[in-house]
Amino acid sequence: MTVSETSRQHGAVLPKATRTKVLQRQGAAVALVLMVAVSWLVFPRFGSLDNLRDLALQGSFLVVIAIGMTFVIITGGIDLSVGSLYALGGVLAAWGSQYGFLAALALPLVVCGLIGLINGLLIARTNMAPFIVTLASLLFARGLLLAITDEGANTYQIPADSAFVELGRGTVFGFGYPIFVAAVLAVLGGMVLNRTNFGQNVFATGGAEQSAVLLGVPVAKTKVLVYTMSGTLAGLAGALTAAYLQSGVTVIGVGLELDAIAVVVIGGTLLTGGMGTILGTVIGVGLIKVIQNVINQIGTLDSNYQSVVSGVFLLIVVVLQRILRR
Amino acid sequence: MTQETTQAATRTAASTTAARTRWLQDNGVYVAVAVLLLFNALFTANFLTLGNFTTQLVQAAPVLIVALGMALVIGTEGVDLSVGAVMALAAAVIPLYLGAGPLVAIVMALVVGVLAGAFNGFLVARVGIQPIVATLALLVGGRGLALVIADGQLVQLHDETFLELGTGDVAGIPISVLIAGLLALVVAGLTNRTTFGRQLVAIGGNRKAATLAGLPVNRVLIGVYAITGVLAAIAGVLATSRLAASDPADMGLLMELSAITAVVVGGTPLTGGKVRVLGTVFGVILMQLVRATLIKHNLPDSIAQMIQAAIIIAAVYVARERR
Amino acid sequence: MPTDPVIEVAGVTKTFAGVRALGDVDFTLQRGEIHALVGENGAGKSTLIKVLTGIHTPDAGSVTRNGHISTIYQEVNLVPLMSVSANLFLGREPRNRFGLIDRARRDADAAELLRGYGITADVSSPLGTLAVGEQQMVALARAVAADADVVIMDEPTSSLEPREVETLLGVVRKLHEAGIAIIYVSHRMDELYRICDTVTVLRDGVNVHSGPLEELPRIELVSLMLGRSVKEIEKHGTTAFGEGHQADTQPVLEARDLTSKPRIGGVGVSIRPGEVVGLAGLLGSGRTETAKAIIGALPLDRGTVLVAGKPVAHNVKASMRAGISMLAEDRKTEGIIPNLSVRENIVLAALPRLSRFGVTSRSRQDRIVDTFIKRLRIKVSSPEQKVAELSGGNQQKVLLARWLCTEPKILLLDEPTRGIDVGAKAEVQELIDELAGEGLAVLLISSELDELLDGADRLVVLRDGSVAGELEGDQLTREHVLAAIAAEVMDDSGDHAGSHQDSR
Amino acid sequence: ETPTTATSGGPAASAAQNQSAGPGCARSTTGYPQVDVKGAVVGFSQSEKEANPFRTAETASIRDEAAKRGAELLYTNAQSDLNKQISDIKSMIDRGAKLLIVAPLNSDGLQPAFDAAKAKQVPVITIDRKVTSKPCTDYLTFIGSDFVEQGKRAAQQMIKATGGTGKVAILLGASGNNVTVDRTKGFKDGIAGTPGLTVVAEQTGEFDRSKGQAVMEQLIQSNPDITAVYAENDEMGIGAVTALKAAGKQPGKDIKIVSVDGTRNAVQLIADGSYTAVVESNPRFGPLAFDTLEKFGKGDEIPQNIVISDDEYDSANAAQKLGNAY
């Protein structure tokens, strides 16, 4: 009897919780679908295959970075260095491309992964705040980038006929390879997050760090891994971008970390850690890119209004999420 | 017996190293400033001149003013990414009202700061949005709004009285430095000597407990963000006056990161519950001296950025809270 | 006595930033025994456990483990945002043939496993949506499921209701039958004497006694823990409450029809000055919610709170102004501000009163803080000591001081003695008596029936968020309370009540 | 001709004599269809916010000219984001732009956008910043200043003003920007034959007035013997003036200041006597760009590189030419 009473109580609480959960989880998705539908109706060009392809391609680089960011944020951390690592990765890839495909790909992954590893070690082993550690690496990576490009004077070109360019420029049905790379990584990321012990450790670390330690979760190792991952993925996104642009452009990635954080949050991942999904993040990227695209479709909008619109949009999404979560 | 004595010996040794790290943790930023001053005195040409110190203080003043507000917000376990955008808003507002006199222009700029800050505070306290995200929205949109107000243009300013703020001095001390110093004293008094200040720290230390203790949590939070907003606006006004132009496109760009760095380097933990005002002052001075040293030694941008990174890590490493 | 130690500790010392938590401790756990580990707050029990499990490395000494250890730590140490099943199997998830976590099987296994502990909640929902007791059960199930030779339980029952305590003790017996050794930490004497074979007493980080528990009279055990003579302790009974109180006739607090769906519905309580009213009920019956509703910390659908006949606006500030103060249940998350000093923690709620024009007055603070440190016998090196450095009992006293500082007319105490040792507990109980004697109206919430029966002049019993009965005078007996709580609970705990009597 | 707005006033850029170089490019070579400028949809991709007078004047010039010639102008602003500029260009093509004018953010990285234009046979004229892609293939032609030459001319002005002796501080443009690289190279080459002029400091002011001011304040303290400042744009030069005045110096007199751009504020300072000289970087690309498009449309051969003539302002002509400044 008491037992059934307990379950009755839960019965009373749960359906509402589930309902909210659905709304929360799918809230961003619903918003995305609505926005796409409206944009399609209002701007005939929005739905053109070319536009959609470009939308997906532009989103793919951010998705790659934001996957890493999602892991980091779920552990309760933050990674401000991704924008710089993205630019650095691109430069390294372009420079490495003179030694062949493998060098072009491996160099950014290794170097950016290494910087991520150092981020992780500093955060996990010394109890320094992720915000400040990765802020320092933001500066460091930018400095390193300038150092290897003669203060930015050298832009390394990737030979147009190299296999590496194909990685950025090749298409299947007109959809660029980076889209597929991002898609595969998103699926993998979701799998790792939800279906592996490491993923569970990520949730546990962010959900209740002290408890996680006592539950035998290798918290320090988990943190080191997520920052390494985030650095590596930022480097990869940079490499893909370099392949796409056919050169190691030095002036990209400034402020990209804030975009990445914004899409992760819009996707419903808790900034305090312990909860989040890769799918949400992908949807978050979709929302941001669609908004940008629509602003372009309007065409006549004063460019200064664009950031106002983005800011207001971000606000609406987080406020709505907050209200739904109540 | 022997074992016990060795243990006792290691214990005292351990406690003296503990005491030493503890001391460094509390005073690391002062030591760092002293070391950097010494280095410059020895190796930097023309460093020990009044003019040079004045320059450093003048350049540090706006950052300090913003960092004071940031320290308060961080004390509540929050953060304010919008301070740079608020500076830009303040800058954009000034030319609109300068015709009505500098006082009107300044007051309007400060009003904008208060409103922006209170808006942030409202989002954080009432709506319950994470401070980073709440203020990110204003970071993204605020500068755009400033540019819309200013029609995207830099405006040259000619009002002598207004420009005096940036160039004038009282008894040899530049006005902006004086204002910054005064504000530091006010904020120190506010945190340590007023109900508001103690409540702010308590909220940062344990918000739930503070609520149950009947503290006016929402009011304090909104107040703190409003203060931060108005401080950012003051910094924007001073910087605008010193530049002799309203430049919303660049005013306060990346200021949020400089301010947070200074606060954290000054020993205020990002986890809240503690505000170190003097530490913040020295955190700002430390970062200012680092930049000055790098420029004066004509280091290229690349090396300069890497050294800054290393110094931030070192300073925060020393000041970090041990587990 | 056969010796087959699964854990052997020799000469272990552990120091935290100059504070000695353990000094040269020897400790042996024999295979299959249930070993009680007792001591005052801060005696070093949890630290010893963390040394045993390898969470802390000792500064000196050796630890030998001859088997796999599984631990339930003092506070529920699970991850509230993760699902129940994920918590249960964290680190040993069932895999499918691709090496990926098999979520369907994980959920099925979890549901199956938890049914044995009387938990039927949806295992795929976040753990945090379960009641604390249920969470504790999940932690227990997790620890037991991990094929261990040793199970350590650090105060597993401190947040359990009687029925759940019985379930837990049943599990302990089963483990014992299966030959698993158990270390059992508790401040509840009854439990210890019911299930433990041997006992180790820690005092100030030193092992002052190890031996069979049966042979050790309860009073001597307490004397060992406290380091006071048996005589001194004999003066007190099980609780430190005195006789009843002289209460006024007009209630100072009247709460009517408090309703906050779905937790409480139509609860009414009234307290007269000088009266201690106890709030009894099972875990989740809505006691905490009732207290929070009275102080205005819980959004209400309906209901009014009157102080001295006047309605009070429904928010914490207004309630406090009207003279209501509440000691929250969870000291750590709802009580102390860890970074602040003892002084600042004490004056926190009274700060506006101790300030002029918003500027604080240090001398006024010092005066009042000194008074309370003396009156409540709070053990501090200085009022400027960080409150986080104090032992649990002393933190609790600091919080009591915080509320007394506000000069309340009505004091709501939610589990004021939870997790604090016998010594501190007695002091807090005496204090409650004293306060009531001075004319304060006290609402006392406690999961320990003895505490309620001895301490309260009148009991309000809650069931499922509404009042199931009020007991006074002769009705203040265990049987009556249990009958009011729920008939079926009394049925199967009747003989436990009996065994309580036996062990006294 | 009476200027309608301040920014569009001043002489339009005209091709400098004998400076248009390279083999010609005609519609017959590219195989692009004929497009009449009148009534055509023309896309203009601006790279940066219009806070800098240079950008304001540039956009105004294109807008005015499009209106004058009866073309429908699509406008986008990439807000200094390279990926956005690529999307911007692609989306304008998508929205039906038949002709494109692009002010590239940087010399590298626009290849994907050019490829998209090529695929749709849309001719692209780049203005202001020269890109590393292939003229007549990837884009039609480049119209703009020779930044190295600007640096050299600034050096000449500097030598003239200082009499060939002095200590020079350089306020560099943004790191990683090819304008910075070229203007630095030109200046250094220009003073190479003048051993009396030595560069004692070079620090970045990021093309920004307040940064230029802050850096100058530092330099004038540590190097009080500085006698000349070369600023790689006017904004930084103006910042330097403010800094020098505050340090009790007389800019234009005891410290010579030479910069590049030709903004009204800087030229005014010359007229006032507190600035030495400005080498113009002419932003009024509109007429020349549309002329070129028309010529190309008609089937005429156009040069692959159209270097426009830049003026110079010094104390001798500043007051009288102030109306030309933007």
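Letters are used for the chains, namely A, B, C and D, taken in the order the chains are written, and counting of residues starts over at 1 for each.
Please note the rule applied: a contact is a pair of C-beta atoms (placed from the backbone, for glycine too) under 8 Å apart; a residue touches a chain by one contact, two chains touch by 3 or more.
All values derive from a computational prediction rather than experimental measurement.
Q: Just to be sure I understand the contacts, which chains border both chain C and chain A?
A: Chains that touch both chain A and chain C, as defined above, are B.
Q: Using the stated contact rule, I'd like to know whether B-C or A-B comes out ahead in C-beta pair count.
A: A-B
Q: Hey, which chain ends up farthest from chain B, C-alpha centres compared?
A: Max centre-to-centre separation from chain B belongs to C.
Q: What's the distance between the Cα centroids of chain B and chain C, rounded to whole Å?
A: Whole-Å distance between the two chain centres: 43.
Q: Give, as an integer number of Å, the spacing between the C-alpha centres of chain B and chain A.
A: Roughly 29 Å, centre to centre.
Q: With chain centres defined as C-alpha means, what is the inter-centre distance between chain B and chain D in Å?
A: About 36 Å, centre to centre.
Q: For chain C and chain D, let me know how many angstrom lie between their CA-based centres, rounded off.
A: 73
Q: Which residue numbers or ranges of chain D touch two or more of the other chains?
A: Answer for chain D, listing residues that touch two or more other chains: 49-50, 175.
Q: Mark out which residues of chain A touch at least two other chains, giving numbers and ranges.
A: 146, 151-152, 303-304, 306-307
Q: Hey, what residues on chain C touch two or more of the other chains?
A: In chain C, no residue touches two or more other chains.
Q: How do the chains pair up in terms of touching? List each pair.
A: A-B, A-C, A-D, B-C, B-D
Q: With touch defined as at the start, can you tell me which chain B residues reach chain C in the complex?
A: Listed in rising order, the residues of chain B that touch chain C are 3-4, 7, 10-11, 14-15, 18, 193-196, 198-199, 201-202, 204-206, 208-216, 273-274, 322.
Q: Per the contact definition, I'd like the list of chain B residues that touch chain A in the complex.
A: 79, 123, 127-130, 132-134, 136-145, 147-148, 152, 257, 260-261, 264, 269-271, 300-310, 312-313, 316-317, 320-323
Q: Quick check: in the complex, which residue numbers of chain C touch chain A?
A: Answer in residue numbers: 55, 71, 73, 76-82, 86, 90-91, 93, 99-101, 103, 118-122, 125, 129, 131, 134, 163, 262, 282, 284, 464, 486, 488-489.
Q: Using the touch rule from the top, collect the residues of chain A that touch chain B in their complex.
A: 78, 122, 126-129, 131-133, 135-140, 142-147, 151-152, 258, 261-262, 265, 271-272, 302-312, 314-315, 318-319, 322-323
Q: Residue numbers of chain A touching chain D in their complex, please.
A: Within the complex, chain A contacts chain D at residues 45, 48, 50-51, 54, 58, 61, 146, 149, 151-153, 155, 157, 169, 241, 244-252, 254, 292-293, 296-297, 299, 303-304, 306-307.
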